[in-house]
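First subunit A sits with subunit B, and in the next complex the same chain sits with subunit C.
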Partner chain A sequence: MTEMVTWTCTGCALLCEDIQVRVDNNRIEQVEHACLKGKARIFGCKHVAVPAVNGAGVSIDDAINEAARILKGAKNPLLYGWSNSTSEAQMAGIELARTLGGVLDSTSSFCQGITINEIIKGTIPSCTLEEVREQADVMIFWGANPMSSHPRHLSRYSYFPRGELRQRGYEEDRTAISIDVWQSRTAKICKDKFYRIPPGGDAEFMRGLMDGLSGRVPKLSFDFDVKRILELAAVLKKAEFGVIFAGLGLVYSMKEDFGLLSEFMDTLNRFSNYSLIPMAGHFNMRGFNQNLYDETGYIYRVKFVDGKAASGVEFSVVEQIKHGADAVLVVGSDPLASLPASISRRLKDIPVILIDPCMNLTSQVADVTIPCSTSGIEVGGTAVRMDGKSMEISPLVQGVNMSDEMVIKRIIEEVG
Partner chain B sequence: MTSAMEIYQLLPKTNCKECGESTCMAFGVALLSGSRKFTECPPLMKEEKYIDSKQKLEEILKPLEGAHETGLIIHDELCSGCGNCVVACPVDVANDPHSSGRGFGPSNDKVIFRVVDGKVKAANIKECRRFGKDKILCRACIDPCPTEAIEFV
Partner chain C sequence: MPVDVGKFIKAPDYDIKVITYRDVFQAVACEEDYTGDECREMSAVIVLDAAEMKRMGFHEGKNVRLTSKWGSVVVMIKKSPREEQKGLGFMVNSPWSNALVSDEMLNGIPEFKDIEVKITGSNDEITSIKELFML
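After this line comes the complex of A and B, so read on.
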């Protein structure tokens, strides 16, 4: 039986909800409106994971029992990943960490966590993508290249669509600005509104812009046409509804001085109405931060002692893998590929349990592999879009594996 | 962009006229415009020594297929399915204002662009503003494309 299903894509944290999928007898036949990245997600893994312990195939029950045994025996287990899981699985993860007295952290730890923290706490103003579509007239992609990371960002929300207050479309009603260290695909679309800065020059350029906004002449240590900064400041001042899309390029270079970013937002908001949206990558990265915050008051890097949570940089995935963790549970992530080799190397020396639908680099060092269904394709649930909007995601087809949520609940039963 | 010269280089260059054109160059121009098919050159099809050229021709002419009347070419291998062209094309906005024009996937069959399996497909090309009696030199699908996947020949 062939049916057309309206589907929400979990290819990235844009969670496009307008995808049409043709499903025939539990098989995905065709997908319309999703970008290539979404299409790759929907058609699944290159190599599917199978249950294994120490490289040998076992039953799923044996794999779960072995995982429980390792976690129960560990003094300081680290539970890491979570950005590719539904909120339901994340909640189960929080419960498991609490039961074990373990450390819990997500990929946001070295990504957008710090920005999301400021937004959840209210120190940086934010808005929804719908508001962007209907109202935004000036947008800055700062250290962000959505044309690669979130391919439909400009077409769905930020630049190209006609919005309630932006009826004449992008040509006349919207100005897109790119500030980056290289001319990305997004920068190309911004044409003469591309401002190339030297690597690590973000903070200084931001101060320069603040000077420009406040009517002072910016002074920069690197070579940059001051006139262009003043022109940009004038454009920013005239905005009716401005948005900063903060990419990793910006977040990384603000790490030392994150107060500067809220200062910048305050300055902009003296002249107009400005919001910031973090360019969260994985589809439910922001969900993890929100769910953990609701449960503990912290967005990441948490250790549970007697059921109570403490948070600190010492509980970050990087610090924990370097020294601390004596077992690691990885859920829907590939730390061997995403962490610096000097750190991820240590994963070879401690027991690693991997829950994932697909094989990845980390599979090579995993002592226990537990396959699970793919979130948003074989199992539904809740996810949080990059702007904080909660979205329902529904499954398309029936898979053979249980969900990561179910696997974690089974582990809780075993260790509890 | 593929040129008539590039195509000519891959033809037998003997001007044998078997195809009905007076020269290989004329045949090459006809291939580029889409009015002839390379399979209509008998020597190219029959003779061993042209096997490589034939394969190359097939490759470079492939994107031209389906673009005959208007010259619109989509380089499939470059397209990332971002949908910028879908939303920016004035014909799509006019024919589907509440979906395509607002950033959603098209809701009807009257649009020019639509992303299927991660790649853009073109239809209704006759509606393109570059053609017809009030034609204008529209670039609304070319400029927003981040990968230069759209071209008119």
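After this line comes the complex of A and C, so read on.
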């Protein structure tokens, strides 16, 4: 039977809910409105995962039993990944970590976790993407390039649409600003509102802007036309509804001076109404932070001892892989591809269990591979968009594998 | 037999900072297959400013070796269509850029985007994914 369904895309944390998909006999035939990234997510990977232990094919039950045996025998297991899983699977992951007395961390640990932490704790104001679409007149893409990371961001929400208070759209009603070390695709759209700063110059530029906003002449150690900063400060002051989209360029550059970001937001909010939205990448990165926070009071980097959670940098995925974990469960992630090789190489020396629909680079070092269905395509559930809005996602087709949630629950049964 | 003197002359190296960025086309190619040619061709590339290339004596399409304290990779040069800041090279975020990243950090976030490397001309082949991880 052929049917066209409206679907929510899990290609990134924008979670576009307007995708049209034609499904024919449990096969995806046609996709409309999705970007390249969304389509790639829908049509899936080239090499699907198969159950395996030490490179040899086994039954799914044997793979799960072996995973449980490894985790039960480990003194300090690390449970990592989670940003490509539904909230239901993440909750099962929290339960497994608690049962094992293990360490739990997600990709947000070296991504937007630091920003999401400030927002969840209320030190940085935020808003929804719908508010951006209807009201925002000034938007700063700071160290962010959504044209590559979230390709429909500008067209659905932040710049191009007509909004309730922005009927003249980007041509007259919206000003897009890019602050970056190079002219990204997004910076090109911002035209003369692109401010090129040196690497690591974000905090100094931010201080310069705060000076400009407060009527002082900015002093910078690098070569930059002060007049342009003062002009930018004037644009920011005049905004009715301003938004900062914080990208990884900003997060990485400011990671040791992060308190400055909330000072900057306070300064902006003395003149107008400003919010910040973290450009979370994977579709449910923010969900993991929110779910763990609701359960433990911490957003990431957690160790469970006697059922109680503690959090600290020593429980971050990078520190744990370097010199903590004696077994690693990876769910929906590819640490071999995404972490520094100087760290991820250690995965060859410790048992690695991979739960994923696809073969990825980490599969090459995994002792146990457990295939699961693709979240958002073959299994539905809840996810949290980059701005914190909770969304329900329906599956498109029926997969052959069980969900990651089910796999985790099976492991809990075995180790419990 | 004449001696190839050039063999014994060390190619000059230059200090640059590698800045990483995301590219949707590369991300899609690599997500599909990290071990595929398309992923390697789109990832093992460094983008340099034209004047910087001239200063260092490189041309577009030449292979260069990037070496940091933590790793070394051979990638291909691409000329930036724009004028870039001096002393910088741009690489899309990938296992090739990650091979150069330090394992030392204070707050659990590695220096993914600001990597100090030496760049030198190379006749070696582009580093394969297998070599990167000694798989």
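Just so it is clear, the second predicted complex is superposed on the first by the 416 of 416 C-alpha atoms of A that agree within 3 Å, B and C clash if a C-alpha of one lies under 4 Å from a C-alpha of the other, contacts with A are read in each partner's own complex, and residues count from 1 in each chain.
To be clear about the criterion, contacts are C-beta pairs under 8 Å (C-beta built on N, C-alpha and C of every residue); 3 or more make two chains touch, one makes a residue touch a chain.
None of the values given here were measured: they were computed from a predicted structure.
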item	value
Partner chain in contact with A:I189 - subunit B first, subunit C second, else both or neither	first
Touched partner set for A:P151, first subunit B, second subunit C, both or neither	both
If touched residues of subunit A are counted for subunit B and for subunit C, the larger one	C
First, second, both or neither for A:W7, with subunit B first and subunit C second	neither
Which superposed partner A:F304 touches (first subunit B, second subunit C, both, neither)	neither
Which superposed partner A:A341 touches (first subunit B, second subunit C, both, neither)	second
Touched partner set for A:L36, first subunit B, second subunit C, both or neither	both
First (subunit B), second (subunit C), both or neither touched by A:V181	second
First, second, both or neither for A:F245, with subunit B first and subunit C second	neither
Subunit B/subunit C common contact set on subunit A	35-37, 40, 147-148, 151
For the subunit C and subunit A complex, residues of the former touching the latter	17, 19, 21-25, 27-28, 30-36, 70-71, 82, 84-85, 88, 90, 94-95, 98-99, 101-103, 105-114, 129, 132-135
Touch list for subunit A against partner subunit B, complex	18-20, 30-40, 133, 147-148, 151-152, 154-157, 160-163, 169-170, 185-186, 188-189
Touching residues on subunit B, where the partner in the complex is subunit A	79-84, 86-88, 93, 97, 101-106, 114-119, 144, 146-147
Contacting residues of subunit A [partner subunit C, same complex]	35-37, 40, 45-47, 109-110, 114, 145, 147-149, 151, 181-184, 196, 198-200, 248-249, 251-253, 255-256, 301, 313, 316-319, 322, 334, 336-345, 348, 360-361, 364-365
